[in-house]
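Okay, so chain A shows up in both of these, paired with chain B first and chain C after.
Right, the complex of A and B next:
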């Protein structure tokens, strides 16, 4: 099981990207994507924005669960109040774990937003943010 | 006539392609209503509102293409002297002379449906096939493997030499499209045509679909290619006309058609009168005699005898080209043309009077004989077979057959009419008759009746484990349901169409290993669903992906279908200022994937075309790997950046883009000056200037010698 996680800004621009593998069932938390899969991951995530823009109006929660699928890959989405999308590409369904992961990341992102030097749609480059996201992934995924 | 579905309202004309709108009050509401509207109404808003404007001609084209693929087949069985007459005019035989005129019957054809309501259609046609070809083709197309097992694999080649061409081969269709594509690339490479389009300005996908649906192979599970009528013709040159007609009748009945073909078709007698050699009086007398003998279904066709007509003759008319030939036949034709070193064969011509004569004959035959005959058949079978099955007793019968028949006598065949050995029903069994009824109704465009009967058949075939029939009935039930024009709500789609298509493809693939049929079922439904727009277009895209998975990766068909997935998504239009609900990015992704696949297939022209439409979406994308992917595709496809599209020269919207353009310009330095001095670099689709080509041109000046692909 490998995951691809992206935070997408309001102009379809990725703010943060990460890949990680599962840490459950003895996984080492390292993503195992083949090289040709990497552009596909981004294509899939990018294309699922279409679906999110449609589903967001009908969803009453921020976490929209699995919104799209491509062959055996699923895309789950969490839409923040500021129209920032958290997108997770995964190959097994685990709604609850993903919800917890997203909630943690939302908290981290909200803290980033409070940084006076950070503006909306800027890339998140903080190492602390990265390590904390990876920590959340290790905890839940 | 008892009506099959009295309660259902009829539409007088063809059902419109736009999805019927549900009476949602939010449809035309402003954005303030959006905020307050409930979840369900929003769903319906997205599902229904984005129907396609009816003005898009290319889409209408697809529906018409599918409708015209399913037209009655008429067998032709003529005397030698009639064939001789056609041969003198430059045709292979009489059938070939009739065929182009049957494809597009001029004027409107009026058809009465089972409710007694007449509607007329512009685009009706009839397909002429030779009776002997029908007999020879059998079901060799999908049972190649079994034939090889039976040791008759060597007989395959002689068949095609005899001129029996059959559709139903995915490989041949692909080969043909490949050939056309190569020609188009050559042409556009030499600057002769805008390129990227198939022959006649149509897209290659349309060509692919048309050839896939051309010359439907004869098979027991569907009766579309089975002859509805048979033309029996003699010419006035014949010395013993009535005798010959009688012989033709008997020989026609004795032609060894496969067992599952119903031989109860209409006979249509034609007397071909030779204007120049024979007297009209004699022919008239003979024709009267024929009418007395054979009743109404007779026609006197008056043709001039004077050999081959040439285009320079005063009243000569070029014979239209046959559109619906099988891929194998077109391949053979192209090859034979190549063998003549491109020597242009003069187009076949007929004198004006002959052409009108043939047109009138075909039209009269269709309107006066064939269609009324089919209407009568539909009415009779609907009365006698279908209503019995539909009624209470029929239901009880089929149920008792299921519960008692199978348990008490498992090995007796009396419980089912299905013959597992030949995998077919005999034409006299009620199941076969019902299938024929449904197919006739489909051919007459009475979708509702057809759908109802297919629905009944689905369960019957399932009980009998007649898998191919089962798959066929599922396929046609889904297709006829989409064609009825009833609103396809997401519930209908999820509960009815999806399982039907699912089962159909599963049965075709897993139980009958018939890839062709499965592919046809999918692609036809994809096109029809796509035309419905809205949520149905999403579904179309999903089915198209399914079809894509069936094809071998890296092939042209694979790339074509990949591109089509994108086209399915791009049909959806969004609502509001943000165009929410559109599928712009999805369409772009599939087109971009197609661009990559075209590259793998070595079709740079097609790849560039795909890039043309997608680059806008991915312009300045922040996704690194996507950007790399696009750069690689661009480089390999020899794509030149289209500077003038966005206004000023080199005026990229972001810094990144400027860099990339500079890079590109370095690699194509030779022509950049030329182009700057010359015309604007405008992005006409497909009309992209390739660096290699320009280099050659720069060296040679205005020499339009043949440029080879590097």
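Right, the complex of A and C next:
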């Protein structure tokens, strides 16, 4: 199982992205996407933004579960109050684990936002943020 | 001890400055290194050597700030906003700000700029508004995060206004707003009323600046929350003194057309 995770800002601009594999069932946490698949991942994830825009007004939940699928890949979305999109590409369904992962990332994002020098839609370049996101992925995915 | 070259430092606690953090983030955790390298003279490290990610987002029970120190800081902010009008460029910025002043609030009708000093007075609320805006953007995510699993995004006008009058107001001022009214004349206008805004409780406005209301700061917070939830709007603060409440302030919320169109479809 491999995952591709992206945070997309309010102007549909990417803020952060990461790839990781599963750490459950003896996985080593390394993503195993084929080289030609990697740019496709970004494409699939970003193409789901249109769908999110449609469904976001129909419900008021933040975690929207699986919003899109392409062949055997699923896209799950978590939409924050400030319209920042957390998108996760995955190949097996695991709603609860993904929800917990998103909740942890939301906390990290909120902390990033507490930084007075960070503005909405700015790229998240902090190394600490990155290692914490990977930590959350290791814990839940 | 020599000062460390910032570009050599692998650990930047919470600086988003891209020039300091080149390339894409990697999984390496260079925290160990920073513990030995950081010095007390280096301002980029907090004294506890913790990054912003190590701190808690939940505030402890009954943690409140001193009102007098806030009043002092806020007073300085108002002065700062007033002083920094350098000339014609700032005047031009005025054109980007809304010129409407509701007729029922200001009998004088829309103002026209006559002099620089008048421009300074009219720019001050705009600047205070911007100060508040950055706070509102952060508060929105913070409050929703604190709600935990019960957190929900607001999708309707009334829902978001309720959120502002109760949740948001309570978290900043420890009391809900005094009233929320819908404008009788205009579909897209709502009024949020605060009988005695905390921010301006120690501020008395000189006569020649009667247009100024320092609660523009709070208007900025409200505007940021509305904008963040995709309810683009303009929020302005107007003084409506009464016998009982001399500091009574009306926050006029004017929604963008797109919001009303969407509301009609939902």
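The criterion applied here is as follows: the second predicted complex is superposed on the first by the 141 of 141 C-alpha atoms of A that agree within 3 Å, B and C clash if a C-alpha of one lies under 4 Å from a C-alpha of the other, contacts with A are read in each partner's own complex, and residues count from 1 in each chain.
Following the convention adopted for this analysis, a residue touches a chain if its C-beta (ideal position, glycine included) is under 8 Å from a C-beta of that chain, and two chains touch if they have at least 3 such contacts.
Just so we're clear, the structure is a prediction, and the values are computed from it rather than from any experiment.
In the superposed arrangement, which partner chain does A:38 touch: chain B (first), chain C (second), both, or neither?
After superposing on A, A:38 lies in contact with chain B but is clear of chain C.
Per the contact definition in the header, classify A:125: touching chain B only (first), chain C only (second), both, or neither.
A:125: touches chain C, not chain B.
Please determine whether it is chain B or chain C that touches the greater number of chain A residues.
Of chain B and chain C, the partner in contact with more residues of chain A is C.
Regarding the shared-chain residue A:13, is it in contact with chain B (first), chain C (second), both, or neither?
A:13 sits against chain B, while chain C stays out of touch.
Which partner does A:53 reach: the first (chain B), the second (chain C), both, or neither?
first
Tell me the contact category for A:115 with respect to chain B and chain C: first, second, both or neither.
So A:115 only meets chain C here.
Shared contact residues on chain A for chain B and chain C?
Chain A residues touching both partners: 57, 60.
Spell out the residues on chain A that touch chain B in their complex, using ranges where they run on.
12-14, 17, 38-39, 41-47, 49-51, 53-54, 57-58, 60
So in the complex, the part of chain C that touches chain A is made up of which residues?
10-18, 21, 25-31, 51-53, 55, 57, 134, 137-138, 140-145, 151-155, 159, 228-230, 262, 266
So in the complex, which bits of chain B are touching chain A?
34, 39, 42-43, 46, 569, 574, 578, 580-586, 588-589, 592-593, 621-626, 628-629
Using the touch rule from the top, collect the residues of chain A that touch chain C in their complex.
Going through chain A, the ones touching chain C are 16, 18, 56-57, 59-62, 79-84, 106-120, 122-132, 134.
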